[in-house]
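First subunit A sits with subunit B, and in the next complex the same chain sits with subunit C.
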Partner chain A sequence: MKKKILIFPFITFLFILIVFFYLLVIERDPSELPSVLIDKKIPTFEAESLLNKKKFISKNEFGNETTLVNFFATWCGPCRDEHVYLKRLSNEKGLKIIGVNYKDDSNKTVEWLKELGNPYSDVIVDSKGLIGIDWGVYGIPETYIVNSKGIIKYRLVGSITKKNYNAFYSKIKKSED
Partner chain B sequence: MIMVPSLGNFSLWLALCFAIFQFVISCKKNNQSTLYLNRIAVNGLLLCAFLSFLSLMYSYLVSDFSVANVFQNSHTTKPLLYKIAAVWGNHEGSMLLWILVLAIFNYFIFKLYNKTNSIFISKTLETQAFVTIGFLLFTLLTSNPFERIIPVPTNGLGFNPILQDPALAIHPPLLYIGYVGFSAAFSFSVSAMSIESIEKVPWYNYMKPFVLAAWAFLTIGIAFGSIWAYYELGWGGWWFWDPVENASLMPWLLGTALIHSLVTVEKKKMLQKWVLLLAILAFLLSVIGTFLVRSGILTSVHTFALDPARGIYILVFIGILGTYSLILFATSTKKNFEKNYVSFLSREGSILINNIIMIVVCSSVFLGTIYPLIIEAFSNNKISVGEPYYNSTVIPIMIPAILVMGVGPLLSWKKIDVKKIFWKTLPSIVLTIIVITIFLWIYQSYNPLGIIGIILSCWIISNIIFTQNNIPKFSKSMVMAHLGIGLLILGITGSSVWQKEKILRMKVNDEIIIHNYNIIFKEIKEVVEKNYIALQGNFWVYNKKNNIITKLHPENRFYPVTNNSTTEASIHTNLLRDLYIVLGDGNQKDGWVVRVYYNPLVVWIWIGAFVIFLGGLFSININLKILKRLSL
Partner chain C sequence: MTKTLLTIVIISIMILFFSKISYSVEPEEFLQNPKQEIRARDISKNIRCLVCQNQSIDDSSAPLAKDLRALIRMKVQENNSDEEIYKFLTDRYGDFILLKPPFKINTFLLWSLPFIFLIIGIFILFVHNKKSKKIS
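Right after this comes the complex of A and B.
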């Protein structure tokens, strides 16, 4: 009886080893955090628009086509890097991208867009980060895929890069299924 | 001198040869030539590891960017200290340091050789050689620090400025002495289980100084990591239950249990089997910790280059070590390993309680760290386990351990007289009550956790003060380490229970009041240094009577080389509290985001850790003397 207990550390060890092994072998991204908003309707909001004179009302803007919502700011380095890919998505793929200018200086943003080009159909001013809170943003950049029914299908934490661009684009195409 | 990296690479391969040589000869039947050959192997291994390490350091010092590792982690503008620290500030270089420390411990094990223990030490060296081979192969095959790049870049990519901190520069070496020190305990344990005539060898006496060294250095290593987090991360705290922190805490907890039960084995020959298991687990957890951090299986504040191939390799290696040692543990039957009868009201009883609690805490931390992984493996859901879990599991379990700790050293081995113990501890009880009353009277703070913390700390320290004269000389180091724990608890309690935090946007000449201090934002200016540009705030701190106490200069640094910014907290420390200011984002018009913390008693955490470390060092010294007497 007593001897059997002695094998217990080994069995526990083996169990943990198998879990680790499984997690290493499968494709996974430890930094990926699913949003609670996935498969839910977008949070409704009204806000000032940076480029247009009229107010931005979310009800009127979503629900016709696949739309990306990109949280960005001029003070965020990775946002600058991802800008190229946003432009590709908007120019080459013809996607509608709404930018949320998160906790930023509006004048700087206008200059920034002049310098780098504007991939956004509209830019919303979120100077206090309140829209960010509604969407559950915790760090920028973050990009959400909203399908033509106004439902959030995917959230990308961090920037769009050369590495994840294709995977991200296939997620966009899949969002309509 | 273009050959230096090649020399480093060559000596690393040579080190592998020596390690294999050591493994092979130690496996063989023991005779006089074994000792001689082992001497060659052990010294050769040490020399090669050292040479290899020096080569890499040289490449960093002269900024030899033909070495990929130097290119990725250094830059010509980097200060000298951080060029040196950069050697182990990255994955590949840190493995080289790990190997060097392994070789050093290997050498010390060899030094224990004498006529009476040759079989035992030989077996230990065999195991140690196996561990070394594993790490050497890992480094050479998956993380070679001497890989070259062509064409040679003109300058390096710098390295993460957040890692440019003196505390972090010495944190890894100390930590690795800790982790690797447990490899010696592991080897001794495996050796003790596999040798027939182990009854004659006091294996626990040999194991003890190594465990003490590992544990003491782990303590101070963790403390420096914590100091770095406190000063450099700018979050106002010193412990975040990050997976990496947990990875270092778990072996520490097991090491604590191991030291205490080793004393029991030494004195009463009890708990032998238990000690053997603890020694194995402490090392396995050290390596698993490394695996968790380096394989990219978890995300944490530590950013090492992630590579699944490395993860698989370490995992296979852990699998071999763990399977072999734990099956050996389950199957080895030796009569003298089985003596376990304990009366709870005795010294050994108190040690057993310590052991049980350390194991429970360690399991809780382990569970918290890997539970999200297990959940993900079985259900595809993602969860995260955070601070509330650890605080609500670890703290309540630790409280009885600390109560017992206060009284444990006063108990005698075997049975004790409860009445006598009561009279012995009465002065401490009285003193604790007095102190806590005074404390409540002055500060009027009735936070239950805070009061418990103060009581515990007071209990330990006063027990030590009152029993000073009764403690035999060889236990002084233990008393010192316990005193350190008392101080540590004081610091932990103060800084976590009574911390005050204020975050606000401040313009120049704005004021903020935090715990009797009035802080005025005087000015903000730009400072240009060799490798960064900083916005520096100037804050004047006044006390209640409007006397100026200090001027604090938190910085918001920008490093052009890596294109990232860090915040540099500015801290005013005294024995009672820290004032901690962080300057965040902002501009002239709207002001800057400023975070101000009032952290009571923080400095006692570091003082406590240092006292524990010193206690550990003295204890090593005493135990080495015991060992010398044994070999005579």
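Right after this comes the complex of A and C.
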């Protein structure tokens, strides 16, 4: 009787061991945080546009087609890496990409877009990072998928890469379901 | 001689341990009104830096932490209540931004398990004690 009870701590220990081992083995980044804005309406904001002279008013810009909101800066290395994938996505029909130029020098950004090409339908200036805070941004690049109803469906923290491109693309397609 | 040396060592160790850990708040960030500054500091201490995750934004020198400190100070100056400021931040970054998780349905186990284990422990001790008394 007494010996049977002794097996319980052992099983608990084994269980904990298996759980920890599982968490260690699966592909997961513990520093990556889920966004609380998923399935919520986009934050409303007005901001300066880098390329157009008129003001960017979020109400007029979202809610017609699937939109990607990409937070980027010229000082951010991974942003440069993902640029080619953004350009590939900009050729998609029914998909619009809005760039948010996060805490950056506008002149440098204009140069950067000239050099690498412009995948964005519009680039918003967020010089103080306040738009970033409204979207819950904590480390750029970050890309949000907003569906045609203006609902945020997904957030990718980090750059779009060769490895995650297909998964990200299917998330865009699924965002309208 | 050794006595004075020992005193010096002890005093320096005490200074090392009791001195406040250096903060990352830069002088130009301070608010003019000391009451508001203290409030902003108190709030900042409860807000997690999302870049370095185990530091508060008061300790962290990450750019995002600086932005959030400035934002909190702006909201303090606008006479927002503490609750309003916390809500503003959790609406955008989730409860994770609070260093102390709030008591909610999904954090029920987190908060209550230590007490449940304590009760179980006391119960086991009690039963065990009774048994050993009987044997003796």
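Please note the rule applied: the second predicted complex is superposed on the first by the 153 of 177 C-alpha atoms of A that agree within 3 Å, B and C clash if a C-alpha of one lies under 4 Å from a C-alpha of the other, contacts with A are read in each partner's own complex, and residues count from 1 in each chain.
One rule holds for everything that comes next: contacts are C-beta pairs under 8 Å (C-beta built on N, C-alpha and C of every residue); 3 or more make two chains touch, one makes a residue touch a chain.
Here the structure is a predicted model, which is why all the values come from computation and not from measurement.
Touch criterion met: A:Leu37 reaches subunit C, while subunit B stays clear of it.
In the superposed model, A:Tyr22 lies in contact with subunit B only, and not with subunit C. Of the two partner chains placed by superposition, only subunit B is touched by A:Asp105; subunit C is not. By the touch criterion defined above, A:Lys171 lies against neither subunit B nor subunit C after alignment on the C-alpha atoms of chain A. Subunit A has more of its residues touched by B than by the other of subunit B and subunit C. In the superposition on chain A, contact is made by A:Pro9 with subunit B only, not with subunit C.
Once chain A of one complex is fitted onto chain A of the other, the partner contacts of A:Arg88 are absent, as it touches neither subunit B nor subunit C.
On subunit A, the surface patch touched by subunit B in one complex and by subunit C in the other comprises residues 31, 33-34. Remark: subunit A residues 3, 6-7, 9-10, 13-14, 16-17, 19-25, 28, 30-34, 75, 77, 105 touch subunit B in the complex.
Considering their complex, residues 31, 33-37, 103, 128-130, 132-136, 138-139 of subunit A touch subunit C.
For subunit B in complex with subunit A, the touching residues are 273, 277, 280-281, 284, 288, 291, 295-299, 308, 311-312, 315, 318-319, 322-323, 326-327, 329-331, 333, 370, 373-374, 376-377, 382, 563-564, 585, 587. Put simply, subunit C touches subunit A in their complex at residues 50-51, 53, 63-64, 67-68, 71, 90-94, 96.
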